[in-house]
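Chain lettering (A, B, C and D) follows the sequence in which the chains are written, and residue indices restart at 1 in each chain.
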Amino acid sequence: MSVLQYTEVSSLASDKIHVLGRMGRQRQPLPIFFNGGGVEVVVTGSEFWIDVETDSDFHEMWIALEINGAFISRQMLLPGEHSLCLFRSMDPTVAKRVRFYRELQAMGDDVKVKLLIKGFKHDGEFQSVPKYERKLEFIGDSITSGEGSYGAFDDVDWIPMYMSASANYATMTSKALNADYHLISQGGWGVFTGWDNDVRHNLPSVYEKVCGLAPGEMNKELGAAEEYDFASWQPDAIIVNLGTNDVTSFNQPEFVNPDDGKTYKMRLNSDGTRNREDELKIVDAIVGFLTMLRKHNPNAQIVWCYGMLGSDLNLVITEGINKYKEKAGDEKISFFQLPDTTMDTYGSHMHPGVKSHQNASKELVHYLRIKLGWAD
Amino acid sequence: MSVLQYTEVSSLASDKIHVLGRMGRQRQPLPIFFNGGGVEVVVTGSEFWIDVETDSDFHEMWIALEINGAFISRQMLLPGEHSLCLFRSMDPTVAKRVRFYRELQAMGDDVKVKLLIKGFKHDGEFQSVPKYERKLEFIGDSITSGEGSYGAFDDVDWIPMYMSASANYATMTSKALNADYHLISQGGWGVFTGWDNDVRHNLPSVYEKVCGLAPGEMNKELGAAEEYDFASWQPDAIIVNLGTNDVTSFNQPEFVNPDDGKTYKMRLNSDGTRNREDELKIVDAIVGFLTMLRKHNPNAQIVWCYGMLGSDLNLVITEGINKYKEKAGDEKISFFQLPDTTMDTYGSHMHPGVKSHQNASKELVHYLRIKLGWAD
Amino acid sequence: MSVLQYTEVSSLASDKIHVLGRMGRQRQPLPIFFNGGGVEVVVTGSEFWIDVETDSDFHEMWIALEINGAFISRQMLLPGEHSLCLFRSMDPTVAKRVRFYRELQAMGDDVKVKLLIKGFKHDGEFQSVPKYERKLEFIGDSITSGEGSYGAFDDVDWIPMYMSASANYATMTSKALNADYHLISQGGWGVFTGWDNDVRHNLPSVYEKVCGLAPGEMNKELGAAEEYDFASWQPDAIIVNLGTNDVTSFNQPEFVNPDDGKTYKMRLNSDGTRNREDELKIVDAIVGFLTMLRKHNPNAQIVWCYGMLGSDLNLVITEGINKYKEKAGDEKISFFQLPDTTMDTYGSHMHPGVKSHQNASKELVHYLRIKLGWAD
Amino acid sequence: MSVLQYTEVSSLASDKIHVLGRMGRQRQPLPIFFNGGGVEVVVTGSEFWIDVETDSDFHEMWIALEINGAFISRQMLLPGEHSLCLFRSMDPTVAKRVRFYRELQAMGDDVKVKLLIKGFKHDGEFQSVPKYERKLEFIGDSITSGEGSYGAFDDVDWIPMYMSASANYATMTSKALNADYHLISQGGWGVFTGWDNDVRHNLPSVYEKVCGLAPGEMNKELGAAEEYDFASWQPDAIIVNLGTNDVTSFNQPEFVNPDDGKTYKMRLNSDGTRNREDELKIVDAIVGFLTMLRKHNPNAQIVWCYGMLGSDLNLVITEGINKYKEKAGDEKISFFQLPDTTMDTYGSHMHPGVKSHQNASKELVHYLRIKLGWAD
């Protein structure tokens, strides 16, 4: 083994490191807020290490590793400083493309959760990371957080182990299209309300911050609470995959919001159909969210995707899209249904498994190629 | 070979023959107007023949044969009387379920096209045909007419040989759900206009007749032009698969309607988007058609399916559905996107091939099971 | 419709017609002895007919049609003269490649079975048929006769309807490799004995005749009984798919051969294993058959394929091959196991269905490409 | 988090822990010599840790984790003591089935490589591990060591990262059959010679030791060099997957064996065929190895599997099997070809990828079910 050299993240020229996922301003150490977030480098040498710091209370960090585009490793990281060997004993003259990324979504209910990337130990040289041709932003719920993409069919614990970016339609789609991607998602959240009628749990409320999903002082210090600089990264397409929790809320008990003391409940009519007033709340939230997305992303194709856990909200979602479209005169917006998860394709706790993510990705890649004129 | 006995269609008790597809009043000979239409019997004996009469000018009849649910034969039938042997040399004691059906859609532009079933020659006994548990009606265009489901990728002739009910998502779906089905479809037609801006080519205009797609005196005499008796067959679900030609019309030249001498054209704006007034014609046609469907089918779940050749009209279709839904207060209506056809799944002349039909059927079967509470 | 011209088979120049399958000397009318046998032409014009004559007693003829490589039609032909329209109403300027072929194996137990091709009616011109790059010969039993490739799982009648060349690994393999092919097979036969211990039913005994499987005076007159002119068609590879019936015979009752009055039985030992002497009969038959094949095909790669209905005879077959190889010093011989048929891939009467044939073909194509150095 | 209790491996009752893979006599700490080796427990509690010790020089240890049968994690372990959290924050009342196993084969060329399992930290109770119904032993080369089952297509380094038991036909097969399994394999080795003509690299030479593949003093102390107690674990079936390296040796340069100073080379004839004398060395090695296997496993079905990287040695292998069979009068031996790896199914450095392992496992499971009468 040759002598290892240490290089801080911040000392790498911008073409020598690609940061995956939405960033704030802090570069050293580099905070990784979202699943799918991480770093990518191309490096020669026989051996390569990454130095990271993690913290958490009950929801520990999970990370994954890819080398030359192939999945290599996935593991839990408990709180502490970690120096992880990403490869060793390899041909030192050959450059390896290394992607190290967070499996765990931004964790709203564990304020201690963090992943900081500090630097690399290496005996080779960093080379330029090839530029991605395209940019995609995914906004979603547990599906986009990869919940249930790992784990056995009967497993029902709600824990980081079962969430991922590695077995995730968003990652698969971005890879197939050679696209850089951002992934902003939260299990249980909706476009208007969370699955449990907690109306605070809607993605629009956090979209404009660097990571509005990460609360608390520590995250604030890392820059999570700042306004996100949308100009820094303009996606070609935004894929919104929301609605699954909004529709669930109609079948859940009422929720007393501790913030205002009020009771919230999406209501069903006596015949089992959805209360029209409550449907319109979703419609309006969609109009509002699309308006917000367009404001910050003036040129992106916006694609509302939905259907991996049922398509019951199709007409409500399209009502919202159509209302926005009419109002805004915006034609760069479309609706695309994703294939449903079936008994053959479930992962754990009745969420899409890897096969369902593969199915969804296959359809979405085909759709985006045509919609955006992206030939192979 | 034992001596064959001849039995007319009309002399079979109603439980001994199942007629597939929409029927008028005439039973002897039995006219078969639509693809997927035909007869089904369960019969013992070593040998079984069917007597049919066909006519056509340039669009000849095609028929297919299934025995015990398995595809056996498919052939062209030129004009004339045909006595076709459907099986022979079989174990005479075993009952065979025989399904003989039309591959060719109702052929609007060839007034001579007909298929009449007259009777059967047999050396066994007719048994009761097991009842189907469910009923499905499919209303569509070339996709539902199975255009391109046979033929090589490069084939572009518009001829009966390439159309089918045998390699057709509607047939596959009905089989998978053990459902009887009606199939009302016409290549090139839409819900508002045909692909070539011929506004006469819309399914709503013919839906209320026995077979409004079959013109001319001969078909009139067979009962095609009569009002259809909707009470005679009420489907559990209606699958409307229309829109593909409506959206194509925007990119086609104007059409001079010989009936009124007027010029018709669905217009594009100068930026390539669709003219809003013209979109609204489709929206209104959808509202009107759904109103008509509901009038005649008060209890059916109506599912608008779309997407096997692109999903560009998703938002226009759902706008129409939502408008109807709001107006009618009708909750038994939904929208379901079908998987797009890809380079791997095309049949001939850029229409869905058998793999695309299989993909669509798989998704649709899953959807209908859940939507209608149909456990396996 | 333009006026049709009649052209006899024999009046077509040799480059204008490709005869599929082993031929004797007679060209007018052209006898088709084997499944997969038939004619292939490339013809312009709007319309095309074939004139054939068939005969049979209880095992009627079945034929299939492909246009431009795509399956179009499959039907029964009862005894008589038939003028069959293969296409019509097509673009007259475009050339179509038409393949018309026999679905039914040579039928040893129905001496009346015949298929004669007489000529064509057409309004276009015959063009040269592109040459196939490669030549394959398949020698087999019911599997290669496509038994069970059509029909429902529970169907057990032994009738032509369930046999095919259209859903057959040999046809699929030849197509994938752009190979001309001969197919010599008989259901129930083996390399040493038939499934029922009828030792007369072995392929080697008929291999050297044009069609030793077709008995009787009529077939004799058609040339079936003549010595086959092996020099006329030398395959690049011979695929022998035999053994399935030989191994079955051990579990069947003894058979009294009416030709010699003797009793035949492949014996099991008391512990259920196979009698070694009887195994050696198969071994010796393999040695003999391989010697015969090599004599007539000095340059062909010989591949013994086996396994689509179990692989119990693997060691006996390879013993035979090794014995032959040692004796003959022949290195152009190999053994290749085909994937077994499973509950998912059965067709009718426990024979390989179309999926099993596809699986087998996929493996075999891969193998032959490598073995024969056939790049794509 | 509740207080964690520590339990040594050796203090668990035998029904409370299942040791995967071949064991010697040492239980505390428990040495794991082979890939696929490890421990399996069923444990309640919210949290569970394993304490292990590893060592290595340039070939570091890799391990994998399954919970309730689902793949969860895979990671590198550098030399040292490791306390790894296998799960946490889970429902404490629910029992989890945990399988922790070695990904890396026994590493002959790195004498420091070791994996010792010491104990567990837990806040729940150990329950009985359900007994496996069946026992399988796999003996193989790099394929069975899972070489290339991870990694990108172009990766060619020979390092532990690319080897596995987690993406391995042997593991998949055992799971599908609910079988306990032993896996004895070494990349580059054969039944007679290694791929590079190093004749010392043959599996028979190490089969009778606990782990003859693990050299050196340290392994000796751990019990690797002891005679294996075959009576302790008698498999229902032994799958030998050898031959791929023996056949490669013919195309490799000669090898000077440092042990005896002699030169070794499997020779090709001038026409490119294999030298017969050298083929017979493989034949004899097979006879010898089968004799050895039978001696130690009197009742096992022995299945020689081969073909995942070509089937060129089919006839040599079967010659060996037949010779052994004749000599030993042993009928519980069979040959089964596995599906070849294709461009679609390669993993890294031209070895079978996960799809190829899945294909092989599917065929093998089907075969073993029938051969051993194992109904589902």
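Throughout what follows, a contact is a pair of C-beta atoms (placed from the backbone, for glycine too) under 8 Å apart; a residue touches a chain by one contact, two chains touch by 3 or more.
All values derive from a computational prediction rather than experimental measurement.
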Chain A to chain C, fewest steps along touching chains: 2
Listed chain pair A-D, A-B or C-D that repeats interface B-C [over half of contact pairs the same by residue number]: A-D
Longest centre-to-centre distance from chain A, chain (CA-based): C
Distance between chain centroids, defined by C-alpha means - chain A, chain B (Å): 43
Chain B and chain D, separation of their C-alpha mean positions in angstrom: 56
Separation of mean Cα positions, chain D and chain A [Å, integer]: 38
Chain A, residues touching no fewer than two other chains: none
Arrangement of touching chains [line / ring / star / complete / other]: ring
Residues on chain A engaged by chain B in the complex (per definition of touch): 271, 273, 307, 310-311, 314-315, 318-319, 321-322, 325, 331, 333-337, 339-340, 342, 363, 366-367, 370
Partner chain B, residues of chain C touching it in the complex: 58-60, 67-76, 78, 85, 87-91, 150-152, 154-157, 159, 161, 348
